[in-house]
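Both complexes below contain chain A, partnered by chain B and then by chain C.
Presenting the complex of A and B:
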């Protein structure tokens, strides 16, 4: 059987990885907040969403965090009147991405908080390990 | 109480604490997983009194052992602080509080073990 403290570190590490993948998706959304298509009437960038799932690891007997799937948001695009734009359709309307800055920033905050919590777990598991090793130290 | 008995209890509790820490780590890692239910291990007292192997009842028509019914699974769903719309019942504050509690108890245990060890050494060295 694997040492439970090491399992704790591994599970926290899987959480860290999942959260950083989420951060990547959010930054992609933010960076493309105004990426339009380049032919008349073309669809712009679609906002991506990410969801997690619990995956049982048989060897460790614990549930790791895995990225379930990366989907696109089906929310309708914002439409703006700009006849000079290369992506404007016959009526002069341009489709802009369905990215909401506020939602993305809130998402970043939540990612940050979860990442921090996972780091805290790693720190505490490490301190428990070193406490055990310190028992060997001659006093 | 015998000194050696103390060592065995202390190391048993440290083992229990590290299992609990790994369950808490799992809860914290799944703070954003939809439908995840927070878990906790059964109390140390229950683990300590459960001596020997117990038969697990996995189906309703299994015979129950003579002395009481079969034991519960090692981990159980805990009372929830708040459940999100996604069905996730992990509260970060609660879990971090528990994690620091576990670390504190672990540190207390190793501290007491050190003292006992020093005592043993003192009595053997004379």
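Presenting the complex of A and C:
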């Protein structure tokens, strides 16, 4: 039998990892917010989205979280008139990524909060474990 | 003589306290020490302490390996912290149990004859 508190720590650790991966995806979106194609009419960077999934861990008998898949956002691109740009089409329009800064920043904040919550689980579980062990110490 | 202490159930394998389990760190291929113990419960006090120490050492070693992998950039910060915390917890448990058992031993030796 595995100690449920230890399992809780493992589950929280999987949450930490999932949120780190999400942070990576969001940072890619932010960094590529103005990455265009380099041939006339080419598609620019497409915003990436991330979805989570519960994954059963047979050994521990608990559901961990993992990244289900990283997809691309099908939202239409922003179009700007800039005839001098290498990616401009015959009409002089350039397709810009469908990344919305505001959405990405909100996503970062949410990632941060979620990470924080998982860290809190680790902290509390640790404290519960220590309190229990301390029972042996009291004289 | 005094082998009753050795039969103290929770000292036996230590598996209740997770002493026998190595720290599983999923994604990075870190070699796992401490195979799952299948031998019968030791009844001798010295053997019990020895086994507990071995279990603690193997957990510590696993955490050390994860820490080194983290320094090399092969393990994430979370994995390193998790492994080190696991080792700390194991060591704490082992020390607490050892203190308790040694204390009870001393208590017996102080008995008026």
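What we mean here is this: the second predicted complex is superposed on the first by the 138 of 139 C-alpha atoms of A that agree within 3 Å, B and C clash if a C-alpha of one lies under 4 Å from a C-alpha of the other, contacts with A are read in each partner's own complex, and residues count from 1 in each chain.
Note that a residue touches a chain if its C-beta (ideal position, glycine included) is under 8 Å from a C-beta of that chain, and two chains touch if they have at least 3 such contacts.
Remember, it's a predicted structure, so these values are computed and weren't measured experimentally.
In the superposition on chain A, A:9 makes contact with both chain B and chain C.
Of the two partner chains placed by the overlay, only chain B lies in contact with A:52; chain C stays clear of it. By the touch criterion defined above, A:90 reaches neither chain B nor chain C.
When the two structures are aligned on the shared chain, A:114 is found in touch with chain B, with no touch to chain C. Comparing chain C and chain B on the residues of chain A they touch gives the larger count to B.
When the two structures are aligned on the shared chain, A:20 is found in touch with chain C, with no touch to chain B. Shared contact residues on chain A (touching chain B in one structure, chain C in the other): 3, 9, 134.
Residues of chain A that touch chain B in their complex: 3-5, 7-9, 11-12, 14-15, 18-19, 22, 51-54, 62-65, 110, 113-114, 117-118, 120-121, 124-125, 127-128, 131-132, 134-135, 139. For chain B in complex with chain A, the touching residues are 14-15, 17-19, 21-22, 24-26, 28-34, 36, 92, 95-96, 99-100, 102-103, 106-107, 110, 113-114, 117-118. On the chain C side of its complex with chain A, the touching residues are 16-18, 21, 76, 78-79, 82, 85, 89, 92-93, 96-97, 99-100.
Listed in rising order, the residues of chain A touching chain C in the complex are 1-3, 6, 9-10, 13, 16-17, 20, 122, 126, 129-130, 133-134, 136-137.
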